[in-house]
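Each of the next two complexes has chain A plus one more chain, namely chain B in the first and chain C in the second.
Moving on, here comes the complex of A and B:
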């Protein structure tokens, strides 16, 4: 069990500042996912934890020990690379064994460990093969086995699934979750894919521009985004973020002080049920349906409000509505408020407004 | 070989020798039969042209070589006979014995082996770490230093052999094997070529090895060198041939026979009073045969070195 702490970490390449100042605590035993658009500093952060990059400022500790001057091989971490980085000059067995051999593990013990791991990941039949005889999925397993065999306290993974096809990727996601459960080690996982982040992480660290935008559990991140960036990063389609006035004067007058933006998730907007009048706390909006995407399980509508702003609406288990005029309803408790700096404004204290958010 | 493109066959295709082959085709208009015959004719012409070019190439490259071997086994009268004789009746080793009588080949051959082996060994000891450092490390002055390494390739040896000789004299290195080895072990060409190969190895491989707690030496030995094998073989061959055949430096940097090598010894066979091409050719064979053996051994790697496209 190893907690990872980054204190005041900065990283620049020459004059180019990638990470200004980062403070991050990764709980021992967590499955922490660093996620964000490319260039947000997530890979750099991971590589600094691994010791492959030296931070310009700040200090990193793993399991309570400062590792700033510790070489990658001595940090007690293992890493899985995006392109697997399997040594092409060695057989599968030698690949898995390499780290143990460098750590001077006796030969008999090495053999035992390698075979045990090969059994776990299903590579026993391939041990004598050269890596170029393996498929993408098998190479992925070699990379995992190579990391696991060292029994590290921390697993670092840099987009390990992005080279796999969609089906295999989904399968490996579940395997990685199970692996995390079984090993109880700390996993730090880098991805740009919000689905991977949401489905695997116990803690998500959302980054942009070298800064942490929000660190939270997946449900929290979905329910209470700290700012507009976070609100729009999670969810497909992303949250509708509009000017406060877009929903009409009534909604605008309910807005908390300082609110500049309002946000509603596409799946929290319903089409008005004409047999039931709107209840207090519900806002009705007249919209024009412009387009419809049928994704099988769900329907995504693109609609236009009277002031010309656009909304996405996601509905499940409904028959497709015709394009043209429609009325939609939004509950006030589903509206998120953001100030002029795009930061979240704390929930207005409406009694009974707290409700469980069902994640999509 | 643009000449092998066949001219379009004349419409009177039946006149060509391949007209017979086309005859089973049901009689149609000549416009459909002619292109077929033209294609066939073109193919034949192409094959013939290829054979002729191949024969010419073999003559150009293997001809002189055959002449050397032939002469080495002929008697003096056979070698000088007109018209020339292209074979021998019996294999005679007389010329080789005569060559050994005239010059102490054993001594020179041993020198050649020491100098060539020493150069090869020393060279790899120097260029592998140098190329790895230039390819993989960030350090102050790296690019300037690499520029200096490249610049050494552009200085002709004939320009500096005299100062080097003077230096050897001062250092007491004259007539030692070391004097013929030292200047060649820091091969700028070798460092350059190997650096290029090392730079093509993906960073993540080396990073993975560092995370696997491998030392830099282990990374070189277990990952970089196996991946660079074709380049290593190429550099080794070029060095071997260059050193083994080197005539100029072993001649000018020595004052006695103590460290002189085979290429210096062979011309002595000519310098003797009687002109004996058969004995000279026997000496040449002693010089060339080791190179042929090395080529045969390294044949597989040479092919992969020249078809080398990159590290997987």
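Moving on, here comes the complex of A and C:
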């Protein structure tokens, strides 16, 4: 179990500043996912933890020990590379064994460990083969086995699933979650895929432009995005973020002080049930349905508001509606508010919530 | 109207490779065959050819000096190839570093390769002169005994190797360098995370990854070493005391100085068999240990 701490970490290549100043604590035993668009600095951060890149400024500690001057091989970390980085001139067995051999593990013990891991990841039949002879999924397993056999306190993974086909990727997601549960080690996982981040992470570190936008558990990241970037990164389609006035004068007058933007998740907008009038706290909007994507389990509508701004609406288990005029409802508790700097405005005390507690 | 030859699907491939085949036949196959024929004749280039069967070979293998010639050839090969490969690899590893010095030296190390070997040989005759040569002047300046670079039978063959290595090490280094640079960086990163020492990385990753290049270069250098002629002809003429007389130089001397064409052809046959034998043995011994991507 090792906690990883990055303090005041900066990274520049020449004049190009990738990361200005980063403070990050990765909890021991967590499955932390660094996620963000390409060029956001997530891979660089991972490589600095691994020791493959030297930070320009700042200090990194793993398990309470400063590792700034420790070589990658002595940091107690193992890494799975995006392209697996399997040694092509060694057999599968030699690949898995290489780290142990360098760490002077005795031969008998080495053999036992390698066979044990091969059994775990299902590579026993392939141990004597050359890596060239393996499929993409099997090579992935070699990379995993090579990391696991060292029994590291920290696993670093740099987009390890991105070279697999969609089906295998989904399968491996589950396997990695199980692996994390079983090993109890700290996992640091880099991806640009929000679905991977949400489905696997116990903690998500969302980065953009070399800065951490938000670090939170997946549910929190979804429910309380810190800013407009965060709100739009998680969710498909992303959160609708509009000018405060777009939902009409009534909603605008309810907005907290300083609010410039409002956001609503597509799945929180409902089509008006004409048999039930709107209740207080519900806003009705007249819209025009422009387009419809039918994804089987879900329907995604693109609609236009009277002021010309566009919304996405996601519905489940409903019959597709015809294009054209429609009425939709939004609950005020589902509206997120952002100020002129696109930062979240803290939840106003909701009177309804207080009453509920009192009456209970 | 298409040519009938081009329309016939079975003949077309042969028609297409015909030009190359003709060149191969005229300039390679025919001379090899003709040389083999010459080797069983006695001929002085002008008079009538006289069939002598294996007489030339019999004379060759009973000549007490011929064993020495083969020995010279093999010793030259062994020294030249190993020195070129070792220094080529060391130079390539140095050039593989980043920085202006490496880039500058990349250009410098290629320079000897563009100078004609005859010119190089002439200059080294000067440098290696017993009395006025720069080498011996340096040796005596630092208080060492002068060396008979080209006059001492114990040293002369090595001096020729030195010239050849000086000329070809740069090119070999550049070819090895290109192989080094094609090794993906992530393999070394993975090795770093596997706590591999610099020596382990070199032995388990660098060398296996460039093994196809090394395998190829050794073979090219071996074959090239059998053809070493310019240096010998210009610098030693096979001497002193036949200590630098090699197979190829014997072929030249017997054929074009003594006009014993059949005898020279017989030596050439021996040379060809020797090169073929070494090549086959080399492939047998090492090909399985080479990693091709």
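The working rule: the second predicted complex is superposed on the first by the 352 of 360 C-alpha atoms of A that agree within 3 Å, B and C clash if a C-alpha of one lies under 4 Å from a C-alpha of the other, contacts with A are read in each partner's own complex, and residues count from 1 in each chain.
In this text, a residue touches a chain if its C-beta (ideal position, glycine included) is under 8 Å from a C-beta of that chain, and two chains touch if they have at least 3 such contacts.
Just so it is clear, the structure is predicted and the values come from calculations on it, not from any experiment.
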Clash or fit, chain B versus chain C on superposed chain A: clash
Which of chain B and chain C A:69 touches, first, second, both or neither: neither
First, second, both or neither for A:317, with chain B first and chain C second: neither
Which superposed partner A:165 touches (first chain B, second chain C, both, neither): neither
Common interface residues of chain A - those touching chain B in one complex and chain C in the other: 50-52, 71-74, 77-79, 81, 83, 85, 87-90, 98-99, 102-103, 146, 150
Touch list for chain A against partner chain B, complex: 50-52, 71-74, 77-79, 81-83, 85, 87-90, 98-99, 102-103, 132, 146, 150
Chain A residues within the chain C interface of the complex: 50-52, 71-74, 77-79, 81, 83, 85-90, 98-99, 102-103, 146, 150
Chain A-touching residues of chain C, taken from the complex the two chains share: 184, 186-187, 189-197, 200, 204-205, 208-209, 211, 291, 293
Chain A contact footprint on chain B (complex, rising order): 202, 204-205, 207-215, 218, 222-223, 226-227, 311-312
